[in-house]
Structures are given as C-alpha cells and as structure tokens.
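Pasting the structures here.
Shared chain: chain A. Partners: chain B in the first complex, chain C in the second.
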Partner chain A sequence: MAAPISRGCILLFILINAACTERIKDMIYKPLEGVAACFRRHNGTNQFGCSSSRSGSVGVIHIIEDEAELVWLEKNGNAGPYTAVVPFSMFTRDTLIRLRNTENINGILLTYNSSIERPSHYSPDDTCPNRYAGFKQCDTEKPWNPWGSALLMEDWPFPMFYLKNQSQLNDVKTCFTTFNAHDRDSQSQRSLCALEMKSFMFSAVDSETCIRRSIPRLNFNPPLYCDPLGDRNIYWPLAALDNQTESVILVTARLDASTLFDTLAPGANSAITGLVTLIATAHYLHNMNPTVGKTNVVFSLFNGEAFDYIGSSRFVFDLKNGSFHSLGEKTLMFDQIRTVVELGQLGEGDIYLHSSNYENDSLITALIPKLSAKVLKDSVPPASIQSFLAESSTISATVIASHGVNFTNKYYHSILDDAESVNFTSSESGLAKSLDKIALELANQLFIIVTGTNTSSNGSGNIENLISKMLSCYLESANCSLFKSASAPGHQLPDQVLPLYVGVNRSLNYVTTYTGQLLALLTGTTLAEYNSSMCYENQSLWMAGLNFQGTCIRSAVNYSFATSPAFLIDGYDMKSGYYSTWTESVWQVLSMKMFLKPSVAAERLNVILGSLVAIASFIIVWFIQFRADLLFNQIERATSKLSVQECTQLETKRRLLIITSCNEKKLCTLA
Partner chain B sequence: MDLSKMSNERKLHLCKWYFRGGFALLPFLWAVNAVWFAQEAFTVPQYDEQKQIRRYVIFSGLGAFVWFAGLLAWIITFQTHRATWGEFGDSISWIIPTGIP
Partner chain C sequence: MTVMEFFGCALLAFGPPLAMFTFTVAVEPIRIIILIASAFFWLIALLLSAILWYVVVPLQNELAFGLVFSVLFQEAFRFLLYWVLRNAERGLEKVTTAHVAESRHVFAYVCGLGFGVMSGAFALVNVLADAIGPGTMGLHQGSEYFFIVSATTTLCFILLHTFWGIIFFAALDRRSKAHLAWVVGSHLFASCMTLLNRYEIYAVSLISAYSVLVATVVIAFRIVGGKAENISRCFSLK
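Presenting the complex of A and B:
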C-alpha cells in the first residue's frame, strides 16, 4: 500500500517541477525592461550615435556618481571592460570623452532618479543646431544653444542606454554594492556584476554607402542597412486655393524634436509650444469665419526639422517644381508666398521676433506692437524659415519665439525637455495663457489682412482651456480627451508621451496622425446629418467628436511627404550639403540584461578543463583504435595467420568438438 | 580507388586526365593530383610510366601552388582594402557585412 502512494508522490513532484521550472537562462540573466537605447544615424559624410558589438557588449558595472569614481576607473580599473552607470550630473561631454579615452568601456547606462533635482542644463544637440544647413550660419562665438554638448554629433564606440525605472535601478545598484563595490583592487579575482547591452547597428560609414548597399544588385536581395529619415508634413489652408488667390501667408511650426535615445523625444519647449500655438491660431481664425479674398493663409507643420530641415526643404522643393498639390486643385507656387510666420520655441515672458525683410510687411509690422515684442533684425534662428530664405533671401520671414540671441530652453533636444521643463501642470498653467495671447493676436492680425477690414475678436472664449488640454495631450499622455475626440470612436490611444522623433520614412508617426486629426477637428466643419458610412463616402473624417458620440468632420487638412529631396533627385551628390541627407540605421534588438560574470581565472579554468577533456578524448580514441584488434578482431586476425597445416588441424578439432557435443546431447536426451 | 591495385598504364591515364582537368580553373584537382600521385612519382620502385607521372605531378603541384598563392594574395588584398575601395568594393562583394565599413 505504501509503495503506490510514494510512487504517486514522486510522480506529482516531477509534474509540479516540470510545470514550474525556471529556465537556466532566466536563472542566469535578469533582463532590464523599459530601457531606451542610443542608435546610429548617418548624414552625407559621417556616422553618429552608438552601436554595440554584434553579439552584445558586456561590461562590469561601475557606478560613477562623482569625480573620484571616474578617476578610479581611469587609473585602477583592472577588471574591465566596464559599463559605466552614470546619473545626469555626470553625463557630460567631458566625462564621456574621458571614459572613451580609457578604452576600457563597453557601455554607458544613463540613469535618472526623479527624486533628485534635475541638472541645471543638458542638451545633447550642437551649440549651433543644424550647423551646416540652411541660409544663415550660426555665430560660433554667440551660439543659439550655449548648453549644447553635441553628444548627438559624435560617433561613440560603445552602446548607451537610458534607464528610468526606479526598481530596476535599485537592482543594478544592489548588484553593484554586493559584488563589485568592496575590495576594489582584487576585483579581477572574483565574479562581478555585469551588464550586457545589445544594440547592434547594421549600417556604417555614411548615408550614401548604406543606401547603396541596400539596393538590390544582380539577383540578390541584400539586407536593409539604413532608411532615410522622414514622415509627413501637415497643411491646412484657411480657404481652398483658387484662381483668385494672389498671395499666401504661411504660418508654420515644427512637428518634431530629437534626443539621444530611441522612443523618447518629448520636445516640450523645442516643438510642442509652437505646435500648440499654431493649432490654437488656426482654431481662432477658423472661428472668426473670415471671407478670404486675394490673400489666403496656409498653416503648415513641418516634420524632420531637427535634421537639417527635412520637411520645409521638401516643401520648398515641391513648390519650386510646381509639384505641390496638397492644398486642393490649385498648385501653390513659391512666388505666391508673401510672408512666412514661424512659431518657434514659446513660453512665458518676453517675446522676440527674429525677422528678415519685414519693414514693408504689414503683418509682421502689425504684430510687433500687438505682441509687445522685441525685434531682432536679420536674426535667423535654426528654424524652418531657413529653408525659405535659402530659396529667396528677399522673402519676409519671422520667427516668433521667447528667446533672444540664445535659447532660453536649457534642455533643447533632450529627454528632459518635458512638461517639467516648461512648468506645465494641467491644473494651473501660465504657459497656456501666454500661448493663448500669442495665438489670439496672430489670428486677429491674420483676420485683418485676409479680410481687409478691422476686427473685434469674436472667437470662442474658452480657448485657454483648450490650449491647456492640448498641452496635456502632448506633454502628459496621449490618452487624453482631445485626442480621443479627434480619433475614430473606440480607438485605443497609447498611454504615454508621444515621441516627436521623426523616424524613418517607411513607418508613419502617431504624433503626425493625431496632430492632423486634431487640427481637422478644430478647423473643420461638422456635418451633423451624416452617419459614419455616409461620412466615408463623402471623403470626410469620422471621429468621436467633442461629445464622444461620433461626428463627421469635413476638413481641408492634408498631408505631404516629408522626405528629403536628396533621396528623390537622381544622382544627387550626398556630400554637397544642400539638402538633408540623414538616415537611420536598421537594428534587430535593443535590449539589456544583467548577470554575474565569472572572474577571469574561472573563465580560464573553464577553457583549460575543456581543452584537457578534448585532448584526453583524442588520446583515448587514438589508443582504442591502435589496439582495436585486441578488442574486436581477435579471431579473424588469428585465422588469417594460420598456415594450411594448422588450418586442417583446427578443422579436425572442430569436427571432433561437434561430434562430442552431439554425443553429449544424445546422452542427455537418452538420460 | 586504390592505386596499388591499378595497372601502370591506368595510373598514367588517371594522372594525365587529372592534370588536364585542372586547366578548367580547378586548382583543387591539381592539388589532389599532386598529393595522390606523389608516392607513385617519387618513392615506389621505378617503372616505365613513372617518368611521365612524375612530370604531371610536378606541374600539377606547381599549378596548384600558383593558384593558391594568387588566391591568398587576392583574399588578403580584398579583405584589407574592401572598405577603402568604396563603391567599387561594394560592387564586387556578394555579401556585405553589417555594422562595419
């Protein structure tokens, strides 16, 4: 009775074990989720960013929180290669260059502890953003972005990751203090906590090379090495362009930002403030319901401006070639543009108009007193108007911004350029108020010029609240009421801050889609009598609407491709520097895991033991083969050596043997 | 095939045809010929056809050696200079490695 029970127990034990096993891989490695990685980009002449080695770069964790630790790593780090874990305070150009010079670094992990105060400034972009592109060179003595460390403009020989998750950050710290931090000098003699970073990039050299390599040759399909950067521009004309239209005022803003790390590009000050003000202006102007005469207004949002003005240069290129058809039946020509007003980095405080050729322009001259703005004559910040001025240096253009000759944004193009950096909270925001003021004044002046009459503002009153809601959509989470209203009913929105990085041209950005739909919702006409199917038949947009019940919106919002002309022109010289040539490398994985790396001595022992076993097995096999006759072929071999005489003798013996055995058998049976 | 069980005429025939076959851009055939018949050509007791076999073996060996020297030189040149050749380097490559110039 006891036996079956115990047998059952054993069976149960095996079953449970089989069901709850942990794979050996999981026991060795601890994957770190929610990390963002630095990746590789190219322009016409160089490569930028980071890549791990093909199979992943492994480095022993060393937390560098102050200068002393950095010096220790430079002078005494003997168990390398190391992975430096650095907080923002140490993530400077100087530190990174010093770490690179040690040639003992296999990775950098940037950590962000939100409980610690953020650094006073951090901008990985150049001091002169888009230095080699556009119309007007930046003054290197008085650069636009004095806090720029140009980390983005460097080809790093190691991978870089960013980790914000506090619990995982604690895991890394605990692992470091348990295994690595004590007895530093004997580090190389024991197992150490290490990180493996996988971010291997396929492309190399420059855009020209990696694009050429991606083109199929002969009958062979090569892997993709890189893709051109690009997405879509968004346009909204106040009224459809027709034969009556003589001139066009272009109101623009940029739609993109960039950072060092994938999936993180909040661009709060650098892009969102201008973008939201543009949508608000469009909404105001739409609500004023002007009768458009000879002068029309086109609102445009350009994408990829962080990478040598991809969107605006493409727009200008299309205008020049007469191939711009995104504004209705009439083709817009470059000469029709009389003024370009760009909404740059905005915020609370003083307003500056960086203006060129504005003296005779009624719009810009009217805006100056209305916004009580300071004018910076012939100042051209790194903004979309560079593309227009490059085409025609006599065009009237201005950038409305809250910075003078230097950016006030201390986190330009960084992961810290977020809601906190622009002091935005959805409950109370001075920012929304400032943006509202600019939008209203701009809309009023546009109304005056378009209609040719003087106006009293009769726009909807509650727009400050709307701006606040828009800011919340872009700065806090895309899963917000306005984006919900501007999407198809039941559409699932991502619950995160949408990254503004332009990305590659073969995948569409969420932020462009949602922004276009939001602009359509706020500037379109509601077709109340249409249901969803009728709406689609009439080429209108069916979206949830402000009451979330579903509304049909007819809108003139349209998109055009924002891919650099460099990739369209046959035989374009990628090194000429005229158009943007930025490409992004293809990669397979971006991942990071932590594990205990055995000491060098243990690894050596493993190799030696393995080699010994291999050598021993060779010897044994050789020995067995050498003495194989002893084991396998004894009789055969013996037979072959017998002479005829011996053979007959043997045969006789055998016969005798058979006879005797037969007799024995007979005897047995008889018995 | 076991050469020891073969008639001398047959050996010569085989060695000759291996040598001729090598001209079809088959250096490995020459190498095989040279190694395979080396003993027949140099160490075994003399016989009538041996002189001819020896000649074929020597020339096969020489041909194979020149081929391999040439190949080695080309491989080293290609591997070390492909990146600097740029577009030409890519155009003569069947598989271009990822992540490196």
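Presenting the complex of A and C:
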C-alpha cells in the first residue's frame, strides 16, 4: 500500500500508536470472537428465533444483573436503543418480554460466568416439546418439561448472542463501567460504549413462503432464502435382512438436540445418554454373537427429532412406501416391526418404561423386572416412538427413560445441558455404570429373543470403561481416543464438544459421521489381513483402529436421509401439520463488535460545522470571483468609474499607441 | 464514525475546494485540463516517494524520513509542472481562446488547487472509507475529535497547496529565492508538525498549520497584486 508515504498528516492519522498495517477501523472497533448467535427457523405457519437488521443492530451496552437495572432501563433509558447484557439469572421469558415491550432494545447478549453457580433451571424449549406433532398430545396441566420457557418458540424482534469467553466478557464490562455507568441520566450527551450485532436472516414469514421465493421463475438464479432441516439417520442391523426374517425389533435413540444458539447444542441428557447406551447395547449384542433366526434387531439413530421428529417420520414414510433400502438387499416393511424400544433421557436413579401395547410383548415385559423399572402405561413422551404410534397405534413401543411424567433434566435443549448437568467427569463413573447396566440388560433380553434360547450374558466383559470413554468423546471433546480409532488414520478431529443440532440437509454433520463410524468400529468385523487399498476395494472401512495403526472393518452400518417427507411430497400442504416442515434461514454473517457510539449532539455538530464551512466557502469564493478585478488589480477609484465616453477615448488612444493593457481592456468591457 | 459524521467531515474538507472549482475552474475547459494534469503530477510524486519508502527498508518505520522525502518530491514535481507549463504555453494558446501567458497567476492557482485536491483526497479518503460505520474513535485510544481534526487538517493542506502553487510559480518567474524558500520551508514545517499528532496534541499541529496558511495567503495575495485597501473597497463598492 502506498498510503504510508503519501503525506505526513495522512500517515500520522493512520499510524497513531500503531504499526503500519493497522487501519483506522481496527482502532475504532473491537470484534468479539467466539460468540454464538440466535438464528431464525420456520415451520409451516410461523417464524421463530432472531434476526438483526440488514446492516447490523447497534445498541448501547447496558448490563442488567438485577431487577433495579431492568427497571432503570424501562423507565429512564434515554440514550437508546440499548443492548442488554444479561447473565443466565436474568435470561428469563419474563425479562425478555419486558425488554421487548420497551421497544428500546436492539439486542441481547447472554453471558455465562463460569465462576458463578449455574441457574437452577433453564430450558428454552416449550413445556410440551414438539407440541403439535406426533401421536399423543401433551397434557398442558402436567407438561413434560415444566421448566420450559418456550424462548425457542418465539419470534424475537432483536438479535441475541451468547458470550462465554471470560476475557472478552471483562472487556465488555470494563467498557460499560468506563463509558456508560457513570452519570447515567446524562448518557445521551456523550459517546457511549455500544455493540453491533450482525445476524441478518434472509428468510421471512414461513417455510412455504421462503421456499417459494427460492424457486426460479423470473430470476434464473434466485437467491436461497432457507433450507429444510435434515441430516442422516444411522442404522445397524444385527444380521443382514433376508427372506427368513419375519419380524424386527427396533432399538432407537435420537441423535440430535437443539438450543437457542448456533454451534452450541451439547444435548448431554437430552440425547447423548440414550445415544451412548444404544451403541453400548449394540456392542454387547455383537459380542454375544447370537445366531439370528426369524427375529432380527435393527439399531437406529434418528436425526432431527427435536424438530417434529424429522428422522423417525421419514423412516416410517420410507417403510410405508417400500423405499427403505439401507439394510441390505431386502426391503424392510413397516408391518415387520414388532417392537420399538427407544432409549430416551437416561441417568442415575429410577428407570421408567413409558409403554404402549406392551402387555403381549415378550421383550418389554421381560425388561420390566430386569431393569426394576416402573411402568407408565400409555405414556408417550416426546420421542421417536410418536412417529411409529402415529402410523399404527397398535405397535408395541416403549421409551426407557430416567424420568416419570416430568423430565428430570432441568436444562432440556439448552446450552447448559452439558457434562456438568449429567454429573459426568472422566474419573467419576456413576453415570457410565447406570448406562452400562441398562445396556447389558437390554442386550441380554434381545439375545434371548433373537436366539430363542434362555441363556443370558455369556460374560462378554464389563464395558463401563468404554461407555465412560464414549461419554467423554461426546461431552468433553471430540478429539478423543475412540473417535480417533473410528476415523481414518491421521484424521484431524475438532477439539470441541460437537454440536448435536441437526442443521440443514445440504451439509453433513460431523457428529453423525463420527457416530456412524464409532458404531461400525464397535459392531464390525475386523479384516486383519487387508491393507488400506484392499479394504477400499472390498467396500469396507479403513480406520485407525484401537491401536491407531490402521484396521479394516467390515460393517453393516448404513445411513439414510433424514429430510422431512413434507419436502418430498409434491404439493404437500405445509399447514397440515402432519410432517415436520422446519426450515432454517440462510445468513451471511454472525458477528459482533464493540465500539464507541458518538452522541447525537456530536454528530449533529459535525454535520452542521461541515455544512456551514461548505456554504460559507461557496459564498466567499463567489464573492472573490465577482470582485476579482478589484481585489487583485491596482486600479484607482477614478479609473474604475470610467464613463462610456472616456472608454471610447481610451480605445482610440490604444489604437493609436497600439499599447494595450489588460486592465483597461477589461474595464471597458465592464463599462 | 457514522454516516452523519462522514458527510460532516467530507463537507468540511472538500466543500471549499469544491466551491473554488465550481466558480473559478469549471468556467474554462483549459483550466480543468490543467487541474487534472497537476493532480497527475502530484500522483507521480506520491508514487516516487512510495518507491523510495519501499526500497529503503531500514527506515520504513521512521515516519519522519518518508515525510521529508515526500515533501521534497512534491516540490520537485511542482517545479517540473512549472517547467512543462511554461514550455507548453504557446501550444496551449492555439487550442484555447484564453490568453495563457497573460493569466499566469490563474494557471498557477489552478495548478496549486490540483495538487491540493489530490493530496487532500489521499489524506482523507482512506480515513473516510475505513470509517463508515456506527462507531467513532476512542475505544482503545485516540480522541473522539479524530475525524474532525483529520478533516480540518486536510482542508488546511488543500488551501496551502493552492497558495503555495501561486507563490512558487510567481517566484520562479521573478527569480525570487525568498519566496521559493518560503514554499519549501513552510511545507516541511507544516508537515513535520503533524508528526505531533501521534501524541494526540492536535491543537499544536492545527494551529501551526493554520498560521502557515494565513502567512501563505498574505504572501500570495500580495504577489498577485492585492492590497489591504482593496479588500475594504470590495465591500464599499456594493
């Protein structure tokens, strides 16, 4: 860049206390990294979530840590619009509604100070999750999720961001105390510390509208406004389906969770406990090496269940249409499913079986005493079995969960539903022990039913340690030994807790891939004699293996699309509410920066000064130009008043003398 | 800086040059051509100083070095422009109805304005372009008057260039070494005073630059034949 040389003053402005490369805007703005933003989703009838204005929403920072600050903002906030910085204790529906009603809010920044104890409960989901979908309506008097604040089910007129980074949090607080906190009533007269949130969402209204807008009609290359939610389901059949197979027991769990914020969906209790127990059960059953007869077992992990059961409803839809081909050559039909066992939110403590039509089902009835579980007859929690029961209300189905009529999870579908909420640490194995027990009992019963014998566990060993490792992979960091073993050698794993949010169907989730490969590793056959190229030729998986040297695994793990049938059926009525119609808006940036916002008075002064100088200069220059002759020429007052006659005389004289003077000439023309 | 501040600063810095252009330059095509030619000469001076700065690696972080040589290059190119214009005078006479040789001050003024406008653009456009947005200076460092000071300094240098142009050309015509020395000296002085901006003593650099401007305007006014009494006469004649 040549700028550094141009001229002293330029440089100096650019280079105040700064290196050559620093630009003016680096001195004005402080970007806040590592933030997560609330974004917009649609279903068939509404829009949910948040969006900033197109150019970004700017608000003066105001930290609200108690009721008094909130009241001040409602009554005296005169330098708005504001951005409210709130801790979890104040991030309640009540506070947000009050802030919205002030119409003086341009954003909410949720902060989490890890040194302060977490809130007693926080769940942004509905009290009745997936209220309008599935088979059985939730009882609004005794809802499943009594701590639900339904923040997810609201269309907020301002953006919301989440900030956890402590040093940046301190920067925000320092900025607030330095510039905003003092002399509050005269805030509007000075520059104030402000935040700009950019999270503009392209889509609006509802799924139908935004999809229609993306269809090319007049414009050959229309912009994309929203995408259907979706990813992949994972399946593992105990044995390949063949003509001998009469019935199938389906063991399912969900693979996804959701939260209010992008890239954060730990779903520890909501999803991970069930998911890990399912993999452990599959591993047990695989190790027992049963001979499969007329009854087969299919393990399935459904995706997008948090959004009106996308994965399971698609599975049922495919079964009904005979278009489900993910289990080998044989097509599985819906009527072949005799029992659905779902692993729900599990943990330490009592176990409940939320069962329907179980009286004649050998598996469920056998499980009750083995798990010493309480049975809740005809209770259907918001889980995948809703999709199966909706298709056939006579199917035997049960959800194994650690909750009764209310969730015990106080952080359902929230960013706090993490390792801490399920009391998991790598050294503490209480949770792993409980999950191990459930997995072992379930595997034993499946073994008995599949083989028809009566022998239970043949001592396949204790896998509590393995469960603990799995939990660590999902709850602490994906950069863990098990995921490493289940990936290609040398594969770089992200060092973070993988978000379980289902995402849009255009992009594949990491968590689905890693889970599928982990399931393959733990249930596949090792082909020891194959090297990597032979492995690929045989359509097997080449992964690092437990010794990280590279192993060839042959596995029956397979995937199918988990996109709602609503987007497949031509002319599907998006408002019918039968299938999930969730879509996610497209956005360009999610970012936040902090800066000083000048007062309105200072801005006005600036414009007025500039305009005055400009107008004055026009008048002055015009005047000087008009009087240029007088100003710059030494002409006596007398000559400047030459009459026409005198001028003619001068002209004659000039002709005579052939001497011209510029001044005289001009004067004559003037005269 | 906000949109309002953007327009405030832009008007402050470029309002007066725009007025001068509208009333004094735009009226004659040849003047516009010369304005653009002189702006081009300033750009070449900038290019050369940039090359010098780029080549002399060890002094890249020394602002004063780049600054002094930049000023010298600009003055050298002012001389070059004078030389070119004087040689081109006869040719210009043929393509225009204006009497080039008879209105030398006018062309000196136009050349100066060309230099000023281009240097002003380079001084401020970077600042303005980088700064459209909701924020103003002062979060980390710097004063909230930064933008208005930038605009005021830019205006000062645009005007200074204009009057330096008049003095410089006249001085070469009359072989007046004192005036030449004033132009180069005051240019160096005013530019070097802006070095103080890094310590945020804006008042010092602004006052010194505007003092130089006043002195330069007085000298230029006298050179083109102005007298103090003419000013009062202008008004009384109304």
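Note that the second predicted complex is superposed on the first by the 583 of 671 C-alpha atoms of A that agree within 3 Å, B and C clash if a C-alpha of one lies under 4 Å from a C-alpha of the other, contacts with A are read in each partner's own complex, and residues count from 1 in each chain.
In the analysis below, a contact is a pair of C-beta atoms (placed from the backbone, for glycine too) under 8 Å apart; a residue touches a chain by one contact, two chains touch by 3 or more.
Being a predicted model, the structure only gives us computed values, none of them experimental.
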(request) Considering only the touch criterion stated at the top, classify A:W622 as touching first (chain B), second (chain C), both, or neither. (result) second
(message) Just checking: does A:M27 make contact with chain B only, chain C only, both, or neither of them? Give me first, second, both or neither.
(response) second
(message) Just to be sure I read the superposition right, which of the two partners does A:E196 touch: chain B = first, chain C = second, or both, or neither?
(response) second
(message) Just to be sure I read the superposition right, which of the two partners does A:N606 touch: chain B = first, chain C = second, or both, or neither?
(response) second
(request) Have a look at where A:S51 lands relative to chain B and chain C in the superposition and call it first, second, both or neither. (result) first
(request) Pick one for A:K75: touches chain B only (first), chain C only (second), both, or neither. (result) neither
(message) Between chain B and chain C, which one contacts more residues of chain A in the superposed model?
(response) C
(request) Enumerate the residues of chain A that count as touching chain B in its complex and touching chain C in the other. (result) none
(request) Name, in rising order, each residue of chain A that touches chain C in their complex. (result) 2-17, 20, 23-25, 27-30, 56, 58, 175, 191, 193-194, 196, 593-598, 602-611, 613-615, 617-618, 620-623, 625, 627, 630-634, 637, 662
(request) Give every residue of chain A touching chain B within the complex, in rising order. (result) 51, 54, 200-205, 209, 212-213, 217, 220, 222-223, 225
(message) With touch defined as at the start, can you tell me which chain B residues reach chain A in the complex?
(response) 83, 86-87, 90-91, 94-96, 98-101
(message) Give the list of chain C residues in touch with chain A in this complex.
(response) 1-2, 4-5, 7-12, 15-16, 18-20, 22-24, 46-47, 49-50, 52-53, 60-61, 63, 66-67, 70-71, 74, 102, 105, 119, 122-124, 126-127, 130-131, 133-142, 144, 146-148, 150-151, 153-155, 157, 191-192, 194-195, 197-198, 200, 205, 224-227, 230-231, 233-234, 237
